[in-house]
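Read the structure below first, then the notes.
Labels run A, B, C and D following the written order; every chain starts at residue 1.
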Amino acid sequence: MKSVVIIGGGVAGIETASALSDFGHNVVLVEKTDSIGGKVLKWDHLFPDLKSASELENYLDIKCREGNFAIQKNTTIAQASQSNGKWMLRTDNNRVIETDAIVVATGYEVFDASRKEEYGYNIYDNVITSVDLEERLKSGKTITTRAGYLPEKIGIIHCVGSRDEKSGNHYCSKVCCITGVKQSIELHKLLPEAEIYCFYMDLRMYGQYYEELYREAQEMHKIQFIRGRLSEVSENIDKRLLIKAEDTLSGRPLKMSVDLLVLLVGMEPGKGTKSMAGICGLETGKDGFLKTSDMHFGNNKTGKKGIFLAGSCIGPMSINDTISNARSAALEVHNYLQTK
Amino acid sequence: MTEAHQSGITGIYPKEIAADNYYYVRSCIRQNFFPGSETAFLKIMRNVLGKNIYDDAVHTTCTGIGYHSDIVPFETIQTVVARQFALMTEKGFENLAVSCVTSFGIYCEIVETWKNFPEELDKARVNLKKATGREFEIPRNIAHASDIIYKFRREIAKEAKYSLVNCLTGEPLNLVEHIGCHYAKMFPEMGVGGAEFTSVLSSMIEIWGGAVVDYPERRHCCGFGFRQYLIQANRGYSISNSRKKFESMEPYHPDAVICNCPGCTMFMDRWQYVIAEMENKTYGQGGRGIPVLTYEELAGLVLGYDPWDLGLQMHQVNSEPFLDKLGIRYIPSQKYSGKDGKIMAGPVIPACIK
Amino acid sequence: MKAAEKFGFRVLETRVIDLENFDGRLLRYVHRHEKSFITCLSCGGCTATCSAGNLIEFNVRRIGLLLRRGETEGLEREIDKCMLCGKCQLVCPRGINLRNVIMLIKKGIVKFKNGTPEKVEL
Amino acid sequence: MDLFKRLNEDVRFREGLKACMNCGICTAICPAAEFYDYDPRVLVTTVESMDNEEIESLLKSDAIWYCGQCMSCKTRCPRGNVPGMIVSVLRKVSQELGYFTESRMGRQQYAIAKTVGDNILSYGYCVHPSKINPGLHPEQGPVWEWIFKNREDIYTRLGANFDKPGAGALRKISREALDELKAIFDETGGTELLKKIEEFSLKKAHESGFEPNGTTEDDYFREVYKKNDHSGIK
């Protein structure tokens, strides 16, 4: 029986662990926190079908309960070394795990919106991120301004921390556009009187049913889409937020005040991802995510023999892409172990 | 604004500011409109802070206004700047203290260009040598004069005679700070606190007891616009941009505006008068304007310098209401005195703005 | 002497579109009577095929934009340039009946000029 | 002439033009875009098109003269472009080729060269109190009339070394220093540029029936300095 250690207990890690244990391998899943599931636990509904995130939680929960793999929580990897075709991983609590293969599934981190100072996050009361909104939606509480009023005008800002040299991130985080569309629909359902405006550069509705959801947002929910990137936010004396962009299709500057502003924050390589790159000597791409050996036909392999990648440690990914990617990682690892 | 912000986010812009031994380069606009500010700056540096600062007779304009209004080529201004550096080098200094914000931006831009395009630096060396026979070193440290006051704001606070507090109510005075565009918008890392929440002035105001107003058009340009002011036909641009700022700050009832750029100080002062003439609109209380002060004037007042030695009489908007709030004593009859204490007739007081 | 003459310049009008303060009656009217308009993508397919736009300075895509920004004056200036040929509807990827939108704008301009109170939802 | 190539010779152009994605973040906060019919984003895409005809008409248009050089665009551009810097290079080339006299805003360069240009070379300052005539500057208000009239008294009282040799505010810049400044202008194309601005401007003035004498009092100066409508210029 061959052994595999999977690092990271989010969607990618669990799916890979489950698939590899189904193949009959001896799998250990290592997670740094005390809970399994990763960031998905914070989400309320998933795009594009607005499925409740709890369904995904259940799915992952069943995999963990019924899967034939061990889970080690509160554990991080401190060191890795290779000898005789095996990898030795030393954990922060000084345990050593010997394994035939490693799958890095350390995922992403949400862009820290306070780095875009001009957007006023953590400065102004009514600027929140898409992650904050998701948590508020999940809590079931009424969406209000900090002072407790129902927002009448809401702005949703695309590309926060993505496609932005100033944030150091040139890449597109892929999921924010559709997240914005999804959240604007949810806000409209909760606050039917509110006017909702999305400020975008391109609407990258790349996935199945994304474009349809965008159309639904326009047709059924009266969401206004304005083509122009947010330049700055400031607070009026009444705590409403003055936002400025160019209405690029009109070729004129545009301003408006909103009661609530939602920043669609992008994805950055997670701390765990960066740390694994250092520990295992993995190559990172220009975007800081882990580099696969080939974008087309080696997209779970690395330059290191026996180390594989799964999920958004490779780059920004939606949940369904992550699940597919994790399965393909499992197959890749399985094939490798067969030849060993 | 939340508490978290008021403590400042300056940590990510750790600007280095030299601690002593500066070569001072003066500002065309500041010398013209606020000469008392440069006098006060040198006095504070020498008498209060005990610093060594060299005031050179032979330096000239950096030609920045000409450059930004496109009548001075880039190669020319690089060489003029190289000459200033050469004078600094010859006098044995490595730290530049810049009075003007346009100049400060010019120095930063040129040094940055020389880093990215070393062939431009070579050209500047050759050009300077040919034209003047001089050679130069790039300054080790370039600071705007407001950076230096910022650096020593606590020392000044210790010597303070007045605090930026309303003497009648005990409440902190509400001050608008306006940062010259070329201080940090081009090179955020060269400004204290970066480009978005620049803290060079707000830190002074807060430590001297005042409160900083965060109003929507805080970062908007005063409207100088170089050629947009230099040409009479274009001045609508200039006044309209200042007006946008005043309209935005008005609801916060600021007691004064503090600037680090001499141009901004002058324009935001004068445009209030023109707006009053054109629209019969004033932004201060009781038909008055909002006093606009340089940071040197503010520091001088805090240190107890006589307002008329600082040159507040050169402002179109009268500063007396601000002085009264601070509880500063002044002799009204001394306001319009000339050299050797000679009392002169003052300017005409326009009816539209008291 | 008038102040502007004395100084030789005047305060300029802002060109900024103020999305908060605009007259949205015409927009609501069009939305109510031609529901398809709300799905416009501003792709410019209409402009590319527009009969009038090929002959004169006229951008039919911008009609939709002027409407959405409440710029009735601009609409008044532009709206009669349309020849009502209807080719735009044929190419529109969202199937918008732009011809009807234009007819409604024309009607709406007259309607709201005469001050007819109109209370309809967006 | 390949105008894009010509622009690209200037390091500031290479520094300022990376690749625009038309997001409009610059226009959103541009002080010029707010009050003039101007859009820095459109200007950048026009330049980026590398279309020689388009660039030529841009160089002959008002569009390159609206920018106020505040550089707010540099702070924000997510692609590291600097429209304000591109504008500087467009203006340079427009003046070198004489295209600036084809636009109302461009023609104003004559007046700037006559004022700021002369101040730099004659006084060593961009602005000098003796040259801010209250008659030409009513916006400076009554306080400036008072300062202008009593300048020696006021500047001296405030610690300036007005118009005297030695260090200090508003000191008289020495002949030697002015000569060095002039030598730098001669060596680096500064003198050449001022000459070109004057020559092209006077040509345009004569073609349009003006009789300029090269001072700030002449009819062409007044036309370009004061007027928003140049209907008299061909």
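One rule holds for everything that comes next: a residue touches a chain if its C-beta (ideal position, glycine included) is under 8 Å from a C-beta of that chain, and two chains touch if they have at least 3 such contacts.
Not measured: the values here are computed from a predicted model.
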Counting C-beta pairs in contact for B-D and for A-C, the higher total belongs to B-D
Distance between the CA centroids of chain B and chain D (whole Å) is 22
So, in whole Å, the Cα centroid of chain C is separated from that of chain D by 38
Whole-Å distance, C-alpha centre of chain A to that of chain D, is 49
Within chain A, the set of residues that touch 2 or more other chains is 118, 227, 232, 247, 252-254
Residues in chain D with touches to at least two other chains are numbered 29, 33-36, 139, 226
Two or more other chains are touched by the chain C residues 6-8, 12, 14-16
Contact graph of the chains (line, ring, star, complete, other): complete
In the complex, chain B touches chain A at residues 1-2, 4-5, 9, 194, 196-197, 214-219, 251-252
As the complex stands, chain B meets chain D at residues 26, 28-32, 35-36, 38-39, 55-61, 63-66, 68-76, 78-80, 83, 105, 113, 116-117, 120, 127-128, 130-132, 181-182, 184-186, 188, 195-196, 219-221, 223-228, 230-237, 239-241, 244, 270-271, 273-274, 309, 311, 313-316, 336-339, 342, 344, 346-350
Interface with chain B, chain A side, in the complex: residues 114, 117-118, 122-125, 232, 234-237, 242
So, in the complex, the side of chain D touching chain B is made of residues 10-12, 15, 29, 31-32, 34-36, 65-66, 68-72, 74-75, 88, 91-92, 95, 105, 108-109, 111-113, 115-117, 120, 124-129, 132, 136, 139-147, 150, 152-160, 165-171, 173-174, 176-178, 180-181, 183-190, 193-194, 197, 224-228
As the complex stands, chain C meets chain A at residues 15-20, 35, 38-39, 42, 61-62, 65, 68-69, 94, 122
